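Report on one structure; see the data block that follows.
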């Protein structure tokens, strides 16, 4: 049984080889991604076993994702192939119109994973894990996927499995903002560890000052393991009564997508392997910095040795300007 | 007013840079395509004005298509942007598993053009043309697009505009074969010029011998302008009582997609510019040969001078083996 | 009739895919460029109609330019194809020997556009516009092109059309510096809006301090709409008695070529759409920053929505280092 | 326990992106290969479980190979990482100097797999399989690897496991031809199924006429399951008293490397799944044809559905010339 | 002193990475070429020393050519850099509009080499060689280059140096056909060995039947060493009274440009190294076949060992279809 | 006779086209490198003649290196081809795990150059030079190469040739650190000019403060021409009693490999051409900055004119951020 079980949609990403509006981009590079899948890969790279519950299209892109996860050592026993629906995909436009920011163009409506349903969530599988992880994206892609996510959270809560949740609010996936607020707020009731950023805090809690965010999450949802990501300012955590702040590592950004997943995955892996929260945050920040330096989300997720080298070598390197 | 008006969905094509199953393909090359759009470009390259009725997503891919058509000189006055639905796309897998054959993987369900409706068909625009052209793909992508296509055919018939129809049966776009047979057969009642191949003839008419195909189309649908494409064997036409056969040009095939559109477009252009049917077929065959030599459908659609050079130079060239 | 009419040579640019001296570059990427053509595209992207007076070679590169401009919506009614002369081209060497600076290697002597002559300048076409735009490059490429440019300026002046002039001094295009000074100075007598940088000011006016530049242009040429570009320091304008300074946006530079054209085009579009000079400068600076982030000049010229997103999002993005 | 256990060296292949002598090739494409590894992947793609005994360098290329095999579903439980020795690699020069033939440049001396030794061969693992497969390459790369291969063959023989052997004579890997003849001949004494070509037959047996080859292998080594590959002429088998001939499929060749591995793997899989020898040969020939159409060895190894489509579709496709 | 001295213009070639009209080609690959330069490289690869008399631009492309020739071992002591004029370049469009044929787009008017003049031709340098080689292209690019070529031929004749001449009629380089006929005919008066094809024979001699061509060249110009290239039909020679025919090798053609240069260079090298004319023709044909399989002219020019392997291996390879 | 003679191993470098761990890199770009070879090219680009003593494999990669050096004008008269051993190669992983740092993966054990021996060192060749240059890498690759290096140093010392030595400690090339310390320390006894960095100073001298480093090298080895490289902090020299510090130029780093070779080569060239030590250091720093901006080591080594332009233009360029 894997130590961590995650639930959500893997996607094939087509990342623009050249910057600028996609109109003018001729070549696209294929990558395997998906927020929960990225977290799984982050975990197994650091030696923490992880399984993903999902559905893939019975097509070339589904096989691509499946072999990727299996190749990395992720448990694929709870992945089903859907003979009718395609694997979800999206395109990435980089550095335009805002430098350092990527735009996405989804083709995931009606995807195989959008048909995820509570039937896919095996109580023994979830119940046998130490951590169950899912995100606000799974809450957004379809009603049935949302039900599956809630079932997973409920099972976990019922069996004493730690629940980990990355808010991951994606405007393009929700018809109405209010729906997002309602659903994501409801989810927080089942959550032990939460990852969110300032905009998400503002949306869900109506506050964005760090102290207020921590206070609201604790008082309204009883969450005492909170990681608040602050972009270039770094990240802060409220962790069982303690407040910790860690700076971000500054690196040249090629594509910021995947930073949050790297953070969450490496943070969880570090906590599970006995690091204190500050060390976990520092390692998570390092991983986030590593992945934004390349196209694709998972390629630069570090193995233990590479993570150690980054932490030791950062700042001693040649100036990057 | 353009001489030809066409109706149908343009698509962005992502063509695999390397051969083999898409799992293993890393880079994809973007191309502008779509059967009726290709026909339009074939026409304007040969000096015949053409307009396309369609809908595009209000996204980067929609703008890409729009500028492509406008840049080629196609009339874009009847193209609308849909703020909600994305531009349809598809992926091309080449030479696998069958050498010389391409597989497609569509992401066009719910596309902007699938919302084409009779409202998009301006009677004056269609009625002012010499030829109205559409295909069986437009009949397949949605109920509303099908209605639009039938409206176009009806208007054209009513106003004495020549109707041109490429059967273009695409199995993946129809839920049931019977639906395709019913709809496409119904369409044939409105058609003056029809393009089809042996498999399509067999499906719709229950016969595949050339003489039988011609006989059935004439007797059941009253069509006396028929172009039957025979692949490597070339093409045959029944044209107002005359039967003509033309051999195919043999060239190295990189991607056969787009050959039929090149054929239809160059055939129509040639007929409209006064070529006899045999010359039109020969020119259409040449254009079909030209486009299969490259990825993408439209790039090698010839201008008049290039078409002439192909016809003069073919067979005098260095052996291609 | 287009709101803006421009006159000058479009070029095909072959931009080195890898940095360093061209000896060692193996692959080159084709782009459509040309200072006045870029300005036209900048204008139409922001909804201001524009037409270009020019000549192109009757070759593949000429067709490439023509379809580009027509695709973008630039009026191409005053473009002629020259059956004898080729379309002008140039090569771009990036980041060598000076980091952040590009070198050019022209193959434009004897190009189709170098045969531009006063005959190409239709008084009704120029006279019907609100703005006539040309640059010092058109003054440099040949005697006949220079005459055409002067004819355009004279017609515009005579009919109350605003004249816009980008000094664009290119050393490689002039045999002797004195010629450049004489011709460009003469041109300034016909100019309402001038764009120049400090080196150009120093060359033409013998001064380079901002106040002196403004004073000289006003006193010697009576110009009261002046935009002085200061590189990383931003830009300053003297505008009908008012002096305005706007900072540059700092972004990673891939190829600085085209920044000036983006500035001029977006500045003109903004003024024509009612922005005050400070807003126009800020928008122009943003566009200049956008285009230097990629190879090619025109790809990142923004549409209104993208320009707005840049201005709102700049500074909130992830650190780029 | 896997149905098939193989023993041998996986390699990273760097395949020239452009044809011609490697001096002039600038870009190389990385592929995962190795004759026994390819056979494993051929087997698992067709649903036959397979495990590979080998050693990999504890480096990026070793991880690449490991994740590849694991991703495909090959059992990796008997792969060890060597902390000292690198993963073996080689370069492929295509179509030069002989059209249609590839040259290889090995960097595998002292590789991790060259340290394979009898210790790596777990008797229970080999003994639990239905088939044990190795090749003459494993016999060539080092003394210890050769001993490991002989140990595997002996264990298999002792436990009634079918032994499968591909002669795979590689001149560059042997110091002296006589050594190859001695070793490979000795190996044949342990073999149930042998794959070889005419040159190899000539080398080992001193005969090359088909009947003579079959006779020698039967009389000298008691082998009655023989597959003789004849290149463009197809392949012949002597199979338990029956002689069968199957034609080759003719396809455009991009890189012939890997054809033999595809043949052996698909042949074994087909026999194990109950196909008669003629069907197995036909399927093996099809797979060999599929893989030579691309760079890399394993990408085009077919899944069952793709193999069926090739066999049905071959010959109906557009002419490839 | 080099055994062979050649005179003519090297060029940088920009070869389209993808087939089809250059409008649609995005990437171009840089190659070093030029008919006489190619002949030099063909010679030195086979161990015959060669020097080239030419002029290059004092620019990156000139340095590229210079280092190429020097790197190959061509004597560069008689190459001058021109500080004013650029190195000549051209673009290659492949397989369009005629399959297997390449189109060229020159930017060589006013190039450095067009300023070649009799001053560049050092009598001692030419006079010290065994063979002096030039072509009809040098006769076409400018009046001064033509004079230089005639000076070279005259010196060679005067000093008993064998003169070798490839007619190389390029329509685009001559203003009027008559000029070409006059100049090239005049050149033939100085020629010992001539290379030409059927079209060139027809143009210059008014006959195209092989026997007539030989007869005319002998009777009118006294040439008794004639190589007539017949494309796919192979080549024929009249050689000091003997007539020899050699078939062409059939290979897949990527870009036929450079075949003639490979033929001439390898033929000359072979004759100079003692091969009889039939062997020289066979080797020259092999080299021509080798170079048309890739983009660029010189990359596949064989070294002795590769040439031998081609000749031994051709026909034994896997079918290329 | 060349002014400088160097001794060491050239290598073919395969540089990852995309950043991140090599597992995930698909394309590799071939470059010609090797520390002493780079120094040679740096010298000849600045007009100082240089010859390299080395051995290359008699393979395509050996020919590639040979033509590269010959093309640049390096004297290749003392390069031998080894028919048995391959040319050494290595792979470059960029920006992972440490941003701005490159990892290397060598395949050079048993390479042709590892068989370099004292026999390769011609006393007349070394003795005829003004400077003899080698590095700690040559000391590390094999016993025979080390002996060759010491022979070179001894000859030079004996004949009054200036000895230049770059410590170039490469951990991966030494079995034990102590060996490196012993050998490199022994080498310092023969050295006139030494290049080293802080880590190397610490390893060999046990001190890393600048003053201590200078003092130790002077007192223990009698060296009074010392260049200490300090990374982003610049470089310092002790030069015949004078201490000079020069800042580093800050540029965007693509691949830092080769910076040291550029520094050493340009420093030597500048000293030999009469620059004072400060000017030499400034020029060397500029060259180091130039080469780190691209993949590959030698491409951006400047010619005199480019070096001058960098020094004049640096700091005036557009901000690079």
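By written order: A, B, C, D, E and F. Residues from 1 in each chain.
Convention: a residue touches a chain if its C-beta (ideal position, glycine included) is under 8 Å from a C-beta of that chain, and two chains touch if they have at least 3 such contacts.
No experiment lies behind these values; they were computed from the predicted model shown.
**Q** Which chains does chain A share as contact partners with chain D?
**A** Both-contact set = B, F.
**Q** Quick check on the contact network: minimum steps from chain B to chain C?
**A** 1
**Q** Going by the touch criterion stated earlier, list every chain that contacts chain C and also contacts chain D.
**A** For chain C paired with chain D, the chains in contact with each are A, B, E, F, in label order.
**Q** With chain centres set to the mean of the C-alpha atoms, which chain is at the far end from chain D?
**A** C
**Q** Between chain A and chain F, how many degrees of rotation does a Cα superposition need? Round to steps of 5.
**A** In short, 120 degrees.
**Q** Name the chain whose C-alpha centroid is farthest from the C-alpha centroid of chain F.
**A** The chain farthest from chain F, judged by C-alpha centres, is B.
**Q** Taking each chain's centre as the mean position of its Cα atoms, how many Å separate chain D from chain F?
**A** Roughly 43 Å, centre to centre.
**Q** Would you give the residues of chain A that are in contact with at least 2 other chains, written as numbers and ranges?
**A** 21, 26, 67, 251-252, 320-321
**Q** Between which chains is there touch?
**A** According to the stated criterion, the contacting chain pairs are A-B, A-C, A-D, A-F, B-C, B-D, B-E, C-E, C-F, D-E, D-F, E-F.
**Q** Under the stated contact criterion, what part of chain E meets chain D in this complex?
**A** Counting only chain E, the residues touching chain D are 251-252, 254, 289-290, 293-296, 299-300, 302, 306-307, 309-310, 313-314, 316-321.
**Q** Considering only the defined contacts, which chain B positions touch chain A in the complex?
**A** Residue list for chain B touching chain A: 14, 17, 21-23, 25-30, 59-61, 63-64, 67, 86, 89, 93, 105, 107, 109-110.
**Q** Going by the contact rule at the top, pick out the chain B residues touching chain D in the complex.
**A** 18-21, 24, 95-101, 231-232, 248, 250-253, 256, 292, 320-321
**Q** If you look only at chain A, which of its residues touch chain D in the complex?
**A** My answer: residues 67-68, 70-73.
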